[in-house]
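Consider the two complexes below, in which subunit A is the common component and subunit B and subunit C are the respective partners.
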Partner chain A sequence: MFEARLVQGNLLKKVLDAIKDLLNEASWDCADSGIQLQAMDNSHVSLVSVNLRAEGFDKYRCDRNIIMGMDLTSMSKILKCAANDDIITMKAQDNPDNVTFMFESPSQEKVSDYEMKLMNLDQEHLGIPETDYACVIKMPSGEFARICRDLSQFGESIVIACTKEGVRFSAAGDIGTANIKLAQTSSVDKEDDAVIIDMQEPVTLTFACRYLNMFTKATPLSPQVSLSMSPEVPLVVEYAIGEIGQIQYFLAPKIDDQDN
Partner chain B sequence: MVKPTSSPPIIGKLHTFSTHEVKQVRERLVGWYDDNKRQLPWRTIAITEPDRNIRAYAVWVSEIMLQQTQVNTVKSYFEKWMCKWPTVSDLAKATLEEVNQMWAGLGYYSRARRLHEGAIKIVQELDGEFPDDRDSLMKQLPGVGRYSGSAVASIALGHCVGVVDGNVNRVLARVKGVGADISNQSTSEHFWTLANQLVDPDRPGDFNQAMMELGATVCTPKTPNCESCPLRPHCVAFHRNSAQKRSSIATHFKQSDKKVSQESTSIPDLECLPTCDFCLRKEDWDESLGVLNYPRKAQKTKSREEVCAVVIMKCENGKMLLVQRPKAGLLANLWEFPSIPLVAGDETSRKEEERVVREVLKEKYGLTSTQTDSITYSADVVHIFSHIHQTYRVYQVSLADSQGLTWPDRYQGGQWMEKTEFLASATSTAMKKVLKAADPSEQNNKGKRKKAESRDSPLETKKQKTISQFFSAVSKKR
Partner chain C sequence: MGILGLAKLIADVAPAAIKENEMKNYFGRKVAVDASMSLYQFLVAVRQEGNMLMTADGETTSHLMGFFYRTIRMVDNGIKPVYVFDGKPPTMKGGELAKRKERRDEAQKQLEQAEEAGNVEDIDKFSRRLVKVTKTHSDEAKTLLKLMGIPYVEAPCEAEAQCAALAKAGKVFGVATEDMDALTFGTPVLLRHLTFSEARKMPIKEFHLSKVLEGMELSQKEFIDMCILLGCDYCDSIRGIGPKRAIELIRSHKTIDDVVSKLDKKKYSPPEEWPYAEARNLFIEPEVADPDSIELKWVEPDEEGLVKYMCEDKGFNEDRIRNGCKKLAKARSGTTQGRLDSFFKIIPQQPNSANKRKSEEKPGAKKGTAKRGRGSFRKGR
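Presenting the complex of A and B:
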């Protein structure tokens, strides 16, 4: 028996909005410790990892580890049926063919449940090495979304350069070039608006706009986003999911192929 | 609804044609074909060529090519083929190697071999004359079954026999509302009976091509164009679908324009025997699919996963080792880079895999340890055969010379080829993909093209990496 109840049901709705454009389907691994999802997009350029801790749920029970393969478009359709203030409960048997989503209105006067067929997905699970990143940039998530959107008008790629002066996002293309520089905020009035840069060594990397824009679909989840970079490894874009977990996007950089 | 083969299925009259219907279907279909047929090279030959042997030869070649292959792909192959071997005796004189080379890219290479064998047989045993009817065509020519035999007999020789292919299956299943699994023997038998009953004795070839053409252009698998279909008045699927639409919510509200379906007067009876085995049962009818409910799909068998390492051995003079595959089986007789089958789905690490590859190269190909140490992995290439999902892991190794090299016995032979030779020889599309993936010049070209497109953005010359190049697979811990 698996059951997870989340009073803040809209967090789950937002999680789905944050991954459904990138992934068609994915497996939710449910264990005693919580729920995890890891999947690459179709082109294998990016990887999404969602972690929802058991303690974050208002009720959590998972007798046996189960893997639930879901069509994320269908799941998203179902979650669209839940109101923002609904309490969402996910339920499944130990060897499930189906998963049930139950939505309760805060007054308990309306209760709906939706059952969805599960899929058998054979997905590769990747090991993500522990990395001490050379630069970690924390910034307002809305600002990051805005930058990605603005720069993608110029070209297919965005260069992110982090130095001790600050972080520079730039793009170049047929219409010209664009540069946006953010400096570390000196006085922090509001924590959510702060830009904080933690840098061991300067890093400059190039990434495809398309994916960055898809990552920013997670913006409603959290007021802050963190970008972690090291030379020649994937960028990590991380958003907190309320108090209960986090979503991480890994994006492979574009690199000059010298050896090929 | 699987019945033991001993008891014949019960077939209601909904799924058969009355004499009157047969006449109407013939008229409508042939009339439609005259107005809408596509001009295809083999059709022209079948109509204009006076020599029956050339007609039969052209139709035979086209039908074999068209098996499992799309018309547009076949067109150019067919024209090249007929240019090179305009008659059956020309084909009989060709070598199998030439035939395979000509076929390269079409897939299912046994088809080419059988054409070649058939041509030799016609010239040597039948004095260059094609057999005269369907049964002897099937008996005498290798690779000619009921379908190809009937097609050649009706289209080229004017015999009155029906033809059933995938297109005809679909058309008949829809027109006659056959909801039984089309992969069942009894269902396909029924379609043959219907086709033989329908075929127009005055123009059998045109009628059969009209059926297939209708399936290919109007009654298509996913997006049938019922509006322009000549058989709509007869079509059970169409009427069942519109009957369903009439019972929809729209009928509860007044329609603004009083276009009450006029066809309602001519609806064929949708009732059938309650015990009929060929009806689509109510519970299997999916409203959202409409006419696509027919034909009912057979359970798909999952294609099998296979992984093999492909090693491109390159000499200093730029030549690469190619080996010829066995005479039978998948991609028979084609040339490929030495391939080492690996266990599919096995989550061995890349290191382990490389070790296996090295081992095999040493044992079977006679490479030295220093040579095998220099192998490098370049890319994964995925190629999908109809029944196999094949992943090629492409490795490369540079050799100073080709001395002392050998290859496993299962290959028919080996040869060192330049890239141009390789591209011109009988190789599969998969191997061309492999070389492309491994060839740095191809990738540079790509980069250059990109550069030329967006001159002023040096950023776009960078190559997008994939996540798998950074993180490696781990086995799931459960």
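Presenting the complex of A and C:
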């Protein structure tokens, strides 16, 4: 028996909005410690890793580890049926063919049940090594979304350069070039608005706008985003999911071609 | 052509070996393309009102059209193609080639009949069957590729075998051909439909040899023997033995030699002179050039040269050729998108973990814990 009840059902709705553009289907691994999802997009350029801790739920029970393969478009359709203040409960049997979503209105006057068929997905799991990144940039998530959106008008890729002065985002294309520089916030009045850079060595990497723009779909989840970079390794974009977990996006950098 | 019914057999027995993918997901991949097959394909398919495209002097240009646009389509999607041309056919293929000639003669007769009867559909059908790839065609294609800056390789013998050798040596990611015998030659990844027209909207079919062998429970040697039983280009097969029976026989007897000795001679009679051992040798040790001696270079297209060749000599539209050149040049500029699997290692799935309903693991066995490996990135250069 698996059961997870979340009073802030809104969070689950936002998680789905944050992943459904990138992934068509994915497996949710439910265990004693919580729920996890890890999947690459079709082209194997980016990877999404969602972690929801058991303690974050208002009620959590998982007797046996189960893997629930879901069509995320369908799951998103079902979650669209939940109101923002609804309490969401996910339920499944030990060897499930179906998963049940139950939405309760705060006043308990309306209860809806939705059942969805599960899929048997053959997915590859990637081992992600724990890494000390050369640069970790924390910034307001809205600001990051804005930068990605603005720069994607100029070209297909964004160069992120992090130095001790600050972080520079730039793009170049047919219409011209664009540069946005953010300096580290000197006085921290409001923590959510601060830009904080933790840097061991300067890093400059190039990434595809298309993916960054899909990552910023997670912006409503958290006021802050963190970008972790090291030379020649994938970028990590991380958002907190309320108090209950986090969503991480990994994106392979663009590399110079050796054959040309 | 290729191995009889192999694609269908793989779909039945080892469905996990086939993946469908969009062309844009192959960005950055180097792919060996069987040029001889493409030539044939273009001559058959690239037509207008049932006739091949021609210059004012009546020279065929269908193949050039095909090579130019389909190559650009690949390059536009970030794929780096290298074309492999056939050399001389192996002597073993004589029988097959004679048969093909017979079929062509037959088609010629039918075409004449159809022309007499004035049946347009039949004329079209039979004239397609009459297509023959000549040396001029392949020489013209080579000239075009050179101008486009796309590398090509001349195989000493069969192109599929050379493609397979390139893929095995890791020079290319996979082999693009419609001929399934590329798998028999040991191609790790075979791509079908890569040279098809965009308009057909065919997804690319990826066949993984390792998964084919796993699904069929055969070794590569046994797989080769099974392909010979199915029917290859080099020798006959046993009458009355279809795909189902072929895989069963090889699974239980391992080699054709044993299959033959155990076979009920009254029911099935192997061909009298059956050079299966030689055919097997052709698959195991085909005549190929050493892949390490081949250097693949994708260079800047020669726009003026292309315009001169394609427009002045072959009568193509200059604007279109120049446009194509721009696409080729654009694809060369800039950087290539990396892939996550080249940074993170795939954790092998525990057997049956995908098949959760069947797995009878002990309660409390933790599946999720293997997810995060430890270690560190390779840093810097």
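The criterion applied here is as follows: the second predicted complex is superposed on the first by the 258 of 260 C-alpha atoms of A that agree within 3 Å, B and C clash if a C-alpha of one lies under 4 Å from a C-alpha of the other, contacts with A are read in each partner's own complex, and residues count from 1 in each chain.
To be clear about the criterion, a residue touches a chain if its C-beta (ideal position, glycine included) is under 8 Å from a C-beta of that chain, and two chains touch if they have at least 3 such contacts.
Just so it is clear, the model here is predicted, and its values are computed rather than measured.
K.L.:
Subunit A superposed: clash or fit between subunit B and subunit C?
P.N.:
By the criteria stated at the top, subunit C and subunit B clash after superposition.
K.L.:
Where does A:N42 make contact in the superposed view: on subunit B (first), on subunit C (second), on both, or on neither?
P.N.:
second
K.L.:
Could you tell me if A:A194 is touching subunit B, subunit C, both of them or neither one (first, second, both, neither)?
P.N.:
Touch partners of A:A194: none, neither subunit B nor subunit C.
K.L.:
Tell me the contact category for A:L121 with respect to subunit B and subunit C: first, second, both or neither.
P.N.:
A:L121 sits against subunit C, while subunit B stays out of touch.
K.L.:
Regarding the shared-chain residue A:A252, is it in contact with subunit B (first), subunit C (second), both, or neither?
P.N.:
Touch status of A:A252: both partners.
K.L.:
Which holds for A:A171: it touches subunit B only (first), subunit C only (second), both, or neither?
P.N.:
Only subunit B; A:A171 stays clear of subunit C.
K.L.:
For A:P129 in the superposed arrangement: first (subunit B), second (subunit C), both or neither?
P.N.:
Both partners, subunit B and subunit C.
K.L.:
Contact-wise, after the overlay, does A:V159 reach subunit B, subunit C, both or neither (first, second, both, neither)?
P.N.:
It touches subunit B, and subunit C stays clear.
K.L.:
On the A-aligned overlay, A:A240 touches which partner chain: subunit B = first, subunit C = second, or both, or neither?
P.N.:
A:A240 contacts neither subunit B nor subunit C.
K.L.:
Quick check on the superposed pair: does A:A83 touch subunit B, subunit C, both, or neither? Answer first, second, both or neither.
P.N.:
neither
K.L.:
Under the stated touch criterion, name the partner, subunit B or subunit C, that contacts more residues in subunit A.
P.N.:
The partner with more contacted residues on subunit A is C.
K.L.:
Could you point to the stretch of subunit C, among 225-233, 261-269, 315-323 or 351-359, that collides with subunit B in the superposition?
P.N.:
225-233
K.L.:
Based on the A-chain superposition described above, do subunit B and subunit C contact any of the same residues on subunit A, and if so which?
P.N.:
Touching subunit B and subunit C on subunit A: residues 40, 43-47, 65, 124-129, 157, 206, 208, 233-234, 250, 252-257, 260.
K.L.:
For the complex, give me every residue of subunit B touching subunit A.
P.N.:
So the residues of subunit B in touch with subunit A come to 440, 443, 447, 454, 456-476, 478.
K.L.:
Subunit A touches which residues of subunit C in the complex?
P.N.:
16, 21-22, 24-25, 27, 30, 80, 296-298, 332, 334-347, 349, 353-357, 363-377, 379-381
K.L.:
Contact residues on subunit A for subunit B in the complex?
P.N.:
For this pair, the touching residues of subunit A are 40, 43-47, 65, 124-129, 155-157, 159, 171-174, 206, 208, 233-234, 250, 252-257, 260.
K.L.:
Would you mind writing out the residues of subunit A in touch with subunit C in their complex?
P.N.:
29, 31-33, 36, 38, 40, 42-47, 63-67, 95, 120-132, 157, 206, 208, 230-234, 250, 252-257, 259-260
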